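Two complexes, one shared chain (subunit A), two partners (subunit B, subunit C).
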Partner chain A sequence: MSMARVMLAIIWKDFRLEWRTGEVLLTPGLLALLLMLVFIFALPPAAMKAEGVFTASMWTTLFFAGTIGVSRGFGRERGDGRLAGLLLAPVDRSAVFLAKAVSALLFMAMVTAVMMPLFFGAFGQTLAGPLWQWLVMTGLVITAYSGVGTLVAAVAAQLRSGEVLYPVLLFPLLVPIVLAAVHLSDALLLEGGWAGHGGWLQMLVLYNVLFWGVPYLLFEYVVEV
Partner chain B sequence: MTVAARPSTQPAAERLAALHRGLGWLALPAVIFALYMGLVWAPEERTLGVVQRIFYFHVGSAWNAYLAFFIVFVFSIAYLVRRKDGFDAIAVSAAEVGIVFTVLTLLTGTFWARAVWNVWWTWEPRLTTTVILLFMYIAYLLIRAAAEGSDRRGRLASIFGIIAFANVPLVHFSATWWRGMHPTVIQLDGPAPRLEMDPRMITAMMVGLAALTVVSAYLFVHRLRLEQMTRRVDALKERARLEVEN
Partner chain C sequence: MRIEVRNVTRRIDGRRLLDNIRLTVEPGRLLLLCGPNGAGKSTLLKVMAGLLPPTAGDVLFDGRTTAEAGPGLRSRIGVLLHESALYDELTVMENLLFAGRLFGVRDAVTAAQAMIDRVGLRLVAREPAGRMSRGMRQRLALGRALIHRPSVLLLDEPYAGLDVRWTGELTDLLAEQRAAGTSVVLVAHEWRTAWGAADEVAVIVRGRLALHRGVPGYAADEFEDDYRRLVIPASAKETVS
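Entry: the complex of A and B
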């Protein structure tokens, strides 16, 4: 079976499960909405328009809400020997990682697609820079997030109380993309473009290469049965 | 896991014990000498005054923290490839020593910053990187604590030890672009990197660095022996359990 077909089969399985239970998209989506409300309630009205507050609240919300959904990719395989079952399939195990990471990316894309416009509306922000730059930046950030998030999820799924540990393991690794996301978003909102911030883009690309490439190479070791 | 009390492991353990003792006796005069060099012998810095002397121990701590995490990285890879239990024992020992020196780096840096920058903490790139480093290796230890079975523990911790170290340059660059004000002692703008310091200060710094490296080697060997003993006891208990069951 080709790699692409293996990946599609796993992604399809996950999405069918999701469609029937609704736990991955609904719960993080709801949490994201609630976090947005918490930010709006917690911030003084004047601060809502202050420089950087919008991007900080938006990305914090997405990163936190994302942990529930992205960790489910492997969390779903916990118990009842499900992970072992998946790994017993006579296919390249790296395809399992890629499938889970792509599922995570699709999930993040959906949550982001719903939450970002809501954030722009709720905070009364308008995008100054070109839309395509905003989309490329967002794409790079959530791709990086899905890669590292899936790797950590695969580790956490094999730990005692891994769900509890998951954010504690993930967030130290996330620092570069948190910084890149808020910096580039602010540049796009305040300066109308990312000219002069190429270093941050390169870093996002490098982070993507690292956290999709290394797990891809190491995945045989991550999920031994 | 190697079964404990096998005769062939004894000489290695005894050599390690001798190294442990030797490093301990070396560390004591080395630290006293480094204290003398840093606190008495080196000249007083013109603008920063006596506080600058923290630097002699700060640099050594930071160097040892990074060295320890580099060892974690190398032996994590070695463990994944070879699956020798000893490599994992080295990695965990280095990680704990690294955490101790990271905390020392942060503490000495904080005292210095309070006196010179008039703040206890600032989000300066190296400070940011160091604190994130601390969080990453605490996460490494959390993985070890939460994994069941020595094989799984070694494997998952090694994965994390590799990616955490690979992440360090990215954390550092992002923190640098974010904000920067750490004093840079090594100047890279000239034809060759050079140290902008009085030669006596450089000597005192190097002595401090060497002394702290001996201390860190001592702590590392101490921790490694402890780890090996723990594993031997675990193996003995396991064997006793099997014998009782049969």
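Entry: the complex of A and C
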């Protein structure tokens, strides 16, 4: 029995559930849309073009919206023995973490794919740097976010007030990702590329290695039935 | 598959939930596990399923510990816990399909359809699990535990919520499983329901194995007397303390 098969089974199940409930994709998507409108109405028109405002608004919106999606994705496994049901699968239990993190990544990618062009349009921004650099940066940011988010969701699922504590536990860990996302986005919008910002890029890569690798190794000890 | 529970102890915060439990279940035999509330029956089942680690001791399957056998061993174990592990928004078919895929069943669609028939849920196969009655959910949860044709069955209160017809059907199903060589450990509060299906009976009181003997030649009334003698003093002491 391969890990890949078990992971595919869990991801298939998550998408089926999403199709029925819309909890992980539609609700965060709607929240992101509402937050974007709040920024548009709250900011003076001149401020919308000011340096850093667009990227800060966009990434804050995506991260807030993602919090609901990632938390709910793991939260579904809480209760009625569902997490135990997953842990009984005949593969290394890290497969459960990886599957949940990949599910979170896919849902986050879908919300991002819809919201990013809307943000660009609403704020009247154009990309000065190469598109591939923007896509790589976005990919690294949402991948790191999904890894951290899934790990914290797994830990929160063990706690009595886990759903309430989730954002409190998550956001301090997200600070480096937010900083890297905003700095690199500004560089791509204003400077035409990420040259000279290699440190932020390296940090994103390191974050990805850390928050996908460590939970992969330790997931068995993080979860208890 | 032979199950051997070898001196299993589980402690939490200094409290012994299981205390040096020793049990063996031979292939094709059914062990009925009884005991009062909080005795440690469900904890023992979870330790046997590999969901909880023992503080001391081991559970061996065909002479190999769970660590030696690796995670692949779980493909040979079917578990029904007190909770159903079902997804309310998924249909009956989807719940079974997911379980089949999770356990690497080769033709999961055919296996799920066959299991739907076996647990009598054909008419509601496309209904979400959340809309079903307690008894139907229990049958679906049983199907989930059986879909990968396990050699070991660990069942926590499988008769809960079943009507008279399906209580009989479950007893027949357990007989089929035993005939196929499956070892079964069954926790039942209403032990009389499962008495006819059992080969052995064990009683756990306060985490300790208080009784373990064969069922043939052991009258249910005699067991009831023994059970009361073992259980009631323990409960009385708890009340006093």
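The rule is short, and it goes like this: the second predicted complex is superposed on the first by the 225 of 225 C-alpha atoms of A that agree within 3 Å, B and C clash if a C-alpha of one lies under 4 Å from a C-alpha of the other, contacts with A are read in each partner's own complex, and residues count from 1 in each chain.
To be clear about the criterion, a residue touches a chain if its C-beta (ideal position, glycine included) is under 8 Å from a C-beta of that chain, and two chains touch if they have at least 3 such contacts.
Keep in mind that this is a model prediction, so the values were computed, not measured.
Residue contacts after overlaying the shared chain place A:81 against subunit C, while subunit B stays out of touching range.
By the document's definition of touching, of the two partners only subunit B reaches A:169; subunit C does not. In the superposition on chain A, contact is made by A:155 with subunit B only, not with subunit C.
Applying the stated contact rule after C-alpha superposition, one finds that A:10 touches subunit C and leaves subunit B untouched.
Using the contact criterion defined above for the overlaid structures, shared-chain residue A:49 touches neither subunit B nor subunit C, since it reaches no partner. Shared interface residues of subunit A (contacting subunit B in one complex, subunit C in the other): 224. Remark: subunit A residues 1, 5-6, 8-10, 12-13, 16-17, 20-21, 76, 79-82, 84-93, 224-225 touch subunit C in the complex. On the subunit A side of its complex with subunit B, the touching residues are 151, 155, 158-162, 165, 168-169, 171-173, 175-176, 179-180, 183, 199-200, 203, 206-207, 210-211, 214-215, 218, 221-222, 224. Contacts from subunit C toward subunit A in the complex involve residues 46, 49-52, 71-75, 77, 79, 81-87, 89-90, 94, 98-99, 101-104, 128, 144.
On the subunit B side of its complex with subunit A, the touching residues are 80, 128, 132, 135-136, 139, 142-143, 146-148, 152, 155-156, 158-160, 162-164, 166-167, 170-171, 173-175, 177-178.
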